[in-house]
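Letters are used for the chains, namely A, B, C and D, taken in the order the chains are written, and counting of residues starts over at 1 for each.
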Amino acid sequence: MSIDVGIYGATGYTGLELIRLLAGHPHASIRFATSEASAGQSLRQSWPLAPDLTLVPSADAPLDEVQAVFLCLPHTRSAPLAAQALGRGVRVVDLSADLRLDDPAVYAQWYKVDHPHPELLPRPYGLPELGRDNLIGAECIANPGCYATSVLLATVPLARHDLLIPGAPLIVDAKSGVSGAGRTPKQNILFAEVHGNFSPYNIGRGHRHLAEIEQVLAAEGSQAGPLIFSPHLLPTDRGILSTVYAQVTDAGAARAAFTTAYAGEPLVRVLPDGELATLRHVVNTPAAALSLTPAGDNLLIVVSVIDNLLKGAASQAVQNFNLMWNLPETTGLAAC
Amino acid sequence: MSIDVGIYGATGYTGLELIRLLAGHPHASIRFATSEASAGQSLRQSWPLAPDLTLVPSADAPLDEVQAVFLCLPHTRSAPLAAQALGRGVRVVDLSADLRLDDPAVYAQWYKVDHPHPELLPRPYGLPELGRDNLIGAECIANPGCYATSVLLATVPLARHDLLIPGAPLIVDAKSGVSGAGRTPKQNILFAEVHGNFSPYNIGRGHRHLAEIEQVLAAEGSQAGPLIFSPHLLPTDRGILSTVYAQVTDAGAARAAFTTAYAGEPLVRVLPDGELATLRHVVNTPAAALSLTPAGDNLLIVVSVIDNLLKGAASQAVQNFNLMWNLPETTGLAAC
Amino acid sequence: MSIDVGIYGATGYTGLELIRLLAGHPHASIRFATSEASAGQSLRQSWPLAPDLTLVPSADAPLDEVQAVFLCLPHTRSAPLAAQALGRGVRVVDLSADLRLDDPAVYAQWYKVDHPHPELLPRPYGLPELGRDNLIGAECIANPGCYATSVLLATVPLARHDLLIPGAPLIVDAKSGVSGAGRTPKQNILFAEVHGNFSPYNIGRGHRHLAEIEQVLAAEGSQAGPLIFSPHLLPTDRGILSTVYAQVTDAGAARAAFTTAYAGEPLVRVLPDGELATLRHVVNTPAAALSLTPAGDNLLIVVSVIDNLLKGAASQAVQNFNLMWNLPETTGLAAC
Amino acid sequence: MSIDVGIYGATGYTGLELIRLLAGHPHASIRFATSEASAGQSLRQSWPLAPDLTLVPSADAPLDEVQAVFLCLPHTRSAPLAAQALGRGVRVVDLSADLRLDDPAVYAQWYKVDHPHPELLPRPYGLPELGRDNLIGAECIANPGCYATSVLLATVPLARHDLLIPGAPLIVDAKSGVSGAGRTPKQNILFAEVHGNFSPYNIGRGHRHLAEIEQVLAAEGSQAGPLIFSPHLLPTDRGILSTVYAQVTDAGAARAAFTTAYAGEPLVRVLPDGELATLRHVVNTPAAALSLTPAGDNLLIVVSVIDNLLKGAASQAVQNFNLMWNLPETTGLAAC
């Protein structure tokens, strides 16, 4: 079986990864890839083993020739293309934020703009290790945010086992590589600004991924207090490490909650006692890793790591694509 | 006035900074600098504008020719030299951990070794912005740890104003450049291991600086619960950023506590609302910077930054040296 | 077809890449991987999608269970294992320098030690794009050095077309990421030494790869004068960029020499006029890229880039393995 | 003596360094600093120990209150301010390219624009170690380009001693940190593009600094052939390392040429045989360092290193300022 696919927004960092992964995927054939600014350029400039295609403006993308599209576009620009594709029977993996929040009012609150296609909502949230029933055979999947992926893998098992102390703040100190800030030139992400630097941003209750994290935690029955989420910009290109400080009823019971949750999952590793998760565990891989460190009976430190462009975006999108077409979930990820 | 000084341990990262600072200090003259491994090498290989001296083994250091020494040595190796120098009337700024803890039993507990010279304890703790009365004219000063400096600047004002909620955990998520790990070759600090990586270590209740932080906070009357301290290794050479999550009785009152504490201090800046502290604020400078971000009424996020080799070690040692000799405290730090 | 393989020296940087590549190779099955220092550790600590094996000391490697071995060992330690494997009919891809030089006397001159198994020499030199006839079906292949790969790809086409001015020095200014220096702790490759640094080493006529480069160029009929080779250490983990200054009889004819040489080669790209080769073209890929810039009629600047751990080591070893077994040459490299 | 000074263009990387150096200079007082984009912001945001001033737009700079100005502006924008300052009797150190070339026609050829104030030309070229007679007491000095400084220090001694083989190409392979590319956002200097990358640009005969290098070499009597100059962008923030391949009549005589040239110079070190120059020798210092490596009788490899923002810009400007006012040349640079 070979599924013809298209990629919208192929020259951002996530799009570049998707070209690489899909070029090596045994059951996908890239038929088009779009870029407004780089139209006409060969895909092989992005990835030497890519198919011999040139980038096209999104208006020229031959949507009729594909069975699925990946949307690597900014929020508000993604939903209209999702609507168009679904209208023609083309399946959609949306890597933007447009389909992640079930409630358009919450979207409007966090993104300061009305949702462009509220009729598309809700859609299944594509974090397979937290539940893949709704993803198998789905027509359209909302690919999770990178920070959200890292935080949810670290906290949902606690919520499911009622280990979070009701009302206590859930503190997440997160750090991300610079590719998470996108590829549009801004002074604060210039090399000479970031090299040798490390900087917090939007700390406390300011980051948009709070909305999708809290939506999932609430659905999982979490009684924890407010999520305090403090992202920082790391002087590296890729990777997210979230250090989670969870006040728990029984730190000793936490390990079982995690090993149960991820038993048999090839892409989520719960590290043994004494080994702490680091970016090196996962950068340039499709996997997540988690370490658990109790500090007393009622505080658990979970360190959760992913590659923001892979498990936090492109390789998770391939997992979702595989589930959508009933392919083995890690197809095409073996040597990513 | 010119004070003749010697530097023990001059080829570690801290020693190298001290050579640079003291070479430019208008009232200090370097008379010797020691290194076992690099004895015979010119100081100008470390710093082109250093005096024309060669490094000597510590056994050959002409202690009689100096009025003060700076000890940049590992713990247990520092205290014997401090005892020797003080015995000859030579003043001491000790940059090791040997003189920081008042109680030898606490030292033994954290450093897993008996204190080599318990009769030297206690000594004034040289964090001038938290109290310089005991430092002016002192014969011997314990220079604080780098992490401890960054955490104490961020928390003592809260303790002094009784703003910390009694019993609530005080969570500090800290990040340090690699020079903090020293200059002795180990695989985990090789370039190809750290580049692109970010890694926690000794998180929770494992790091030795906990002892000196808790000693000072207790002396300041803190009723807070256990300190949870999670250091991480940043892929950069220098700088410490500590993100402090303090549960407080009144987040709105915190700013006044800090601006009062540091009014008139040239080397500690409390940043205005909305500006977050970053490593760039302080790297290669002798200053600290702090930002305050309330997250609700009862949680305050303090971000505290220093250069670990300067305010966390060498330039703070120069502040202490200046105080010891009644010189203006920032002498020699103008363009450091 | 599935070929059972073993990897000797699996925890160096090259060995880690080979584990990753071979774990995803459709016609190879890793049966063992060796490490003296990390024996007992799971391969999955190196690569999450590796087979579920533990590292063994090389003495315990079940050589009888494999059909081929990859040797990622230091020179002098590799040849004895090659001899042992070949003696049992096991094929060998040797990534060390032991089998690259045809003449044991030249080996002794450059490596300052007698060759441990001169009877093994000569062996085919595995740089497929410069000639694969001797590699197809070979029992044993000498995998080229990383610098040598990058320099030879940039110069052999000139030698073949007699474009190098006889007697004129061939100047190569080369730059490599730090992984090329290996994983054994030394002060000069510590993070805090390399970060912000850039340093030449062994410049002029001092680097060992000179020998294999000159051996190949001579065999290709080069009349150029001495090779001047100046390697530098880049503050990054991987990648080699060689800037070659070649005095040529006709700079205008050079492009045709290169496009002819590499026509149809999927893993060597000759970039169009005006585009200069950079590490980004090739890092984390199995490909090489070359750019050609004439500077007047008689000087040609060739910039040649590879990933030192892939085309300079592990992925080239997989190319050679594929040729050895008559598999399509890029098998297993699609998404590396 | 205290000289009142102003800085135009104080928020670029060079301007930031000048603020730091002049804030610590014992005979200079910063009276104003200009920035169009950041007007109103405190200088202390750039440097914590700066005087308590706010940045002003250049139109509001109180030129009548100062005795000297430093121009850290782009070419074509600098010359008009130089003309204005000189017209009012204010001395000028111009860090732009506007006053470096003696001949406006050469300027027009390389900068593709007519010189805005040809009547200002020529002006003394401020590279003190190559000749300071014209700089002492000068009203206006052209501060050299960063690459030019590094290349001229490495080649002028050879020209002066007639060691360069007439007509032979002089090959310079240069590498610079990213701050050399300025602070204006562009995609190619984003962190995530440069990290892990290394890239040549304008190689051969394309870079503008060729003009000033060749002007000085010609004036020094060089008979060498064309200068081949290949700059590359290093993944670090600051520092330039130029590897010069000079064909010489007598490589053995080169060392004497250099030691003679720089005898007694505190800011130019000629390293001993066997020690190669690296960025670490000079980054964050006002010094240059040179190493000499013969490769045969007729080829000399000179490695020349500076901090592009200091010896390549700001600290050299302070040297020139000191000479202009008959101050000791290294005043204010002791601990820079």
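Heads up, the rule we're going with is that a contact is a pair of C-beta atoms (placed from the backbone, for glycine too) under 8 Å apart; a residue touches a chain by one contact, two chains touch by 3 or more.
What you see is a predicted model, and the numbers here were worked out from it, not measured in a lab.
Trainee: Where centres are the averaged C-alpha coordinates, which chain has the largest centre distance to subunit B?
Mentor: Farthest from subunit B by mean C-alpha position: C.
Trainee: Under the over-half criterion for shared residue numbers, do copies subunit A and subunit B use the same patch or different patches to meet?
Mentor: Result for this pair: same.
Trainee: Using mean CA coordinates as chain centres, what's the subunit A-subunit D distance in Å?
Mentor: 46
Trainee: Return the distance between the CA-based centres of subunit C and subunit D, expressed in whole Å.
Mentor: 39
Trainee: In whole angstrom, how far does the Cα centroid of subunit B sit from the Cα centroid of subunit D?
Mentor: Each chain's C-alpha centroid was found; their separation is 36 Å.
Trainee: Hunt down the residues of subunit D that sit against at least two other chains at once, touch-wise.
Mentor: Residues 193, 195-196, 235-238 of subunit D each touch two or more of the other chains.
Trainee: Draw the chains as points, connect those that touch, then say whether the picture is a line, ring, star, complete or other.
Mentor: complete
Trainee: Which of the residues in subunit A end up touching subunit C in this complex?
Mentor: So the residues of subunit A touching subunit C come out as 20-21, 23-25, 44, 47-49, 196, 266-267, 269, 281-282, 284-287, 289, 330, 332-336.
Trainee: Would you tell me which residues of subunit B are touching subunit A in their complex?
Mentor: It is residues 169, 171, 173, 175, 193, 195-201, 203-205, 226, 228, 230, 232, 234-239, 241, 243, 245, 247, 276-280, 283, 293-296, 299, 301, 303 of subunit B that touch subunit A.
Trainee: Looking at the complex, which residues from subunit D come into contact with subunit A?
Mentor: Within the complex, subunit D contacts subunit A at residues 13, 177-179, 181, 183-187, 189-196, 235-238.
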